[in-house]
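One chain, subunit A, links the two complexes that follow: it is found with subunit B in the first and with subunit C in the second.
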Partner chain A sequence: MTRSRFFEFAAVAAVAAALAVALGIGEERTMGNLARVLFVHVPSAWLAYLSFVVTLVGSGLYLRTKDLRWDRFAASSAEVGVFFTTLAIALGMIWGRSTWGVWWTWDARLVLTAVMLFVYLGYLALRRSIPDRLARARRSAWLGILGIVQIPLVHFSVVWWRTLHQQATIFNTEGMQMDWPFRSALFAGLAAYTLVYVVLMRRRIELARLEDRFEDLVAAEEREVAGEAVTAPRYEGSTELEIEETPPPARSRRAVVLALAIAAFLVAAVAVVSSQATSLSRWGWVAYAYTVAYVAMLTYVAWLAWRITVTRRRVEEVS
Partner chain B sequence: MRRYARFVIPALGLVAVLLGFLLFNLKDSLVFFRTPTEVVQEAQAGDGDRMRLGGQVVAGTIDETTDGVAFDVSDGTTTIAVIHTGAPQQLFQEGIGVVITGTWDGTMFHSDEMMVKHDEQYRTEDGGEYHPGDYPDSATG
Partner chain C sequence: MTGFWTQAIEVARKDLRTEMRTGEVFLITIPFGAVALMLIPLAVGTDTPLLRSIGPGMYWVVVLLFGVMVALRQSAVEAGPQQDLLSLLGIDPGAQFTGRAGATTALLLAFEVILGPVAMALYDPQPRGWPWIAALVVLVAIGLGLLGTLAATIAGSIASSALVPLLVAPLSVPILLAASQTMDGLRFGNTILGWVLLLVTMDLLLAVAGVLSARPLQEASR
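Right after this comes the complex of A and B.
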């Protein structure tokens, strides 16, 4: 078994085990079945924190070593982190509607989490806006380091301000106020999602490596065409030499249509279920949250696989 | 100095000012709801200002009314009588936390929006209480 297959197998097995525990244990005294949403919401939020801490580490190491592998590492983690921040907010909204009674409210924890999402979306946008690879790596590394201030802000928001959102469960000052069945389900979820993170990171880093390889090949080709006078666009400031940007190869129109159709279907499904919110049973809410969590994860995995395939094909075409 | 650095320095300053403002200046006013004690002490009765009131539903005080529910909300020190218009949330019950929005007339709180606030405690149905140091079997006593 190759190492990547091993991680994928371990992640799937761990998710299955975590699901069995989360759905198999008894009901919570106050919330009944609704408490089960905790076991997907909290692991998603944990991965958001973990991803952005990894982005910080990767950014710091890039600035120290100037090794682009660390830049790819940081950027990959930021994208995975944006995915799980979005998922944590979406699952939080489902849990909020079923327990608090509202999808959203202007509570400090909710607002600061949304701000964190937008700052890291900004990080991804910043990367796309800088064609010079070294400038892109350096600038996004600084943002990756600065962005970390939001994690304590988000995490301690429930302590610093009076909020609707409950206090932290795991790092509670009075110890974990949680009976054993719920603890085992929560920790099983945290372990399983951490393995999912490893799998997603390996794929995302592979994609980043292929993208950089494609850029290198295109640059090398241009250098051949232009002769020795032109240096590779890998170096900062080289854009003055007016290297023409190669247009990206046209994407398959059928794939785009298919992706749009899937997205439209998902949005419509979420809208229909949400509009039926008042008639959902407690198990219905749990099913809704778990479906959103795992459909989103599978969609992200499929999207990563598709991007890897397309980029690999482009690399092969150029080389 | 690089052109980019000229942009970073004011951006850093802006972030620092925002953070400082958020953490020190707004710390007291950024509350999501007021406690019954704060409402009784600070709120101007009858001025019609809408506010959020948060506390626990006192056991034995829930009465259904024609268009909603009446109950008492307490923070352990002060108790306020609440008349709520509209259906209560599905988790609404004795002893649970609520955050309600409405007006205070000096004796009663008239609310028309309710949110249930659940705490960070997760207990099994047979009433297991977790105490640090307990083992699984003794936790379900």
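Right after this comes the complex of A and C.
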């Protein structure tokens, strides 16, 4: 078994175990079954923090070593962090609708988490707008360092402002405000999501490496040797490569159509469930939240796998 | 060229002189900001107590959003040849950043000072603690000037200017919060020291980050 497969199996097993623990423990005294939503919401938020701290570390190490592997590491973690932040917000909105009666409220924690999401969306947008790899790495590294100011703001927002969002339960000055069955379910979720993060990171880094390889190959093809008088050696009968005009393979097109159909179905399903949300039971809310979390993770994993496949094929075509 | 501060002042003077010639901030951005302040009551309602309560917040939002335009003005965005010339003259990248941020801060300060009476007339917010408000206006101008200049430097000339507002707006949230909470604190007699300290800390952090990152970012654009 390869290391990638090992992590994937471990992540699936851990998620299954965390689900079993989360659904197996008894009801919470005041919130009842709704408390089970926290076992996916809180780990998502923690993983968002972890991802952005890893982006900070990767950015710092890139600036220190100028090794592009650290740039790929930081960028991959930022993208995974954006995924977990979005998931944490979505699950928080489901929680809000089920307990407070609204999808969104102007609570400091909610608003600042959304702001943090936009900071790292800006980071990803910056990377896409700079074609030169070294300039991109250096510029985004500084933004990766600057963006970290959002994490303490988000984390301490519940302390600095009187918010609807509950105070810290784990890192509380009066000790952990949680009984051990709930604590075990929370930490099982945290461990499982951390393994999911590792799997996502490995895939995203592989994709980044392939994208860089593709860029290198295209650049090598386009580069003139000794000006225009001499051209790069080519195989007999070969012509200029037209990367942009190469039509995507039929399998890729089918995969895109399938992915779009699945996405449209999921959006429709979420819209239907959301419109009927007032009539959901507490277990219904729990099922809704867990479905959103697992479908989102599976979709992201599938999307990464598809991008890796397409990019690998493009690399093979060029090389 | 001589010392760091002389270089920074020369760069700032150059930026301000260009602004004097084009009048981009004074003739375009400031009137545009005033129009925005007028449009808000038309959208949310012209109820005087409502406008009085939301006025300071709206003023700071306009300052923040239009402050990005000040940081992105044509006179601050230098193309490759101008940057190369400054480098060949031996001007320290940190001094270039400081000078540009200084000019942007001065223009933002003018923007705030001119729009302040407009907001007072339109919203009638009845603020208290004028010495604190004066300090607040200066600290916000410094923070936004530094942040806008830093974001424009990070994005560089190769990145689209549409990207800079996306970078600046979320990162300026601590500045916006500190400004609006300080005004609220002054109005209701609450302590404001924490918010003022947050602003000072943000300004210092941005100044350090800007000066430290200036040289690597300049090299990244080569």
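Definition applied: the second predicted complex is superposed on the first by the 286 of 319 C-alpha atoms of A that agree within 3 Å, B and C clash if a C-alpha of one lies under 4 Å from a C-alpha of the other, contacts with A are read in each partner's own complex, and residues count from 1 in each chain.
What we mean here is this: contacts are C-beta pairs under 8 Å (C-beta built on N, C-alpha and C of every residue); 3 or more make two chains touch, one makes a residue touch a chain.
Predicted model, so just to flag it, every value in this text is computed and none were measured.
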| item | value |
| --- | --- |
| Subunit A as common anchor, with subunit B and subunit C clashing or fitting | clash |
| First (subunit B), second (subunit C), both or neither touched by A:Leu134 | second |
| Partner chain(s) touched by A:Arg3 [first = subunit B, second = subunit C, both, neither] | neither |
| Partner chain(s) touched by A:Val102 [first = subunit B, second = subunit C, both, neither] | first |
| Contacts of A:Gly122 with subunit B and subunit C, given as first, second, both or neither | second |
| Which of subunit B and subunit C A:Val149 touches, first, second, both or neither | both |
| Partner touching more residues of subunit A, whether subunit B or subunit C | B |
| Contacts of A:Trp180 with subunit B and subunit C, given as first, second, both or neither | first |
| Overlapping contact positions on subunit A, where the subunit C interface meets the subunit B interface | 135, 139, 142, 146, 149, 153 |
| Touch list for subunit A against partner subunit B, complex | 26-31, 34-35, 38, 98-102, 105-108, 135, 139, 142, 146, 149, 153, 160-164, 166-169, 172, 175-182 |
| Subunit B residues within the subunit A interface of the complex | 4, 8, 12, 15, 19, 23, 27, 30-33, 54, 89-91, 93, 96, 99, 114-125, 127-130, 132, 136, 139-140 |
| Subunit A contact footprint on subunit C (complex, rising order) | 150, 154-156, 158-160, 163, 166-167, 169-171, 173-174, 202, 205, 209, 213, 216-217, 219-221 |
| Subunit A to subunit C touching residues, read off their complex | 63, 112, 115-116, 118-119, 121-122, 125-126, 129-132, 134-135, 138-139, 142-143, 145-147, 149-150, 153 |
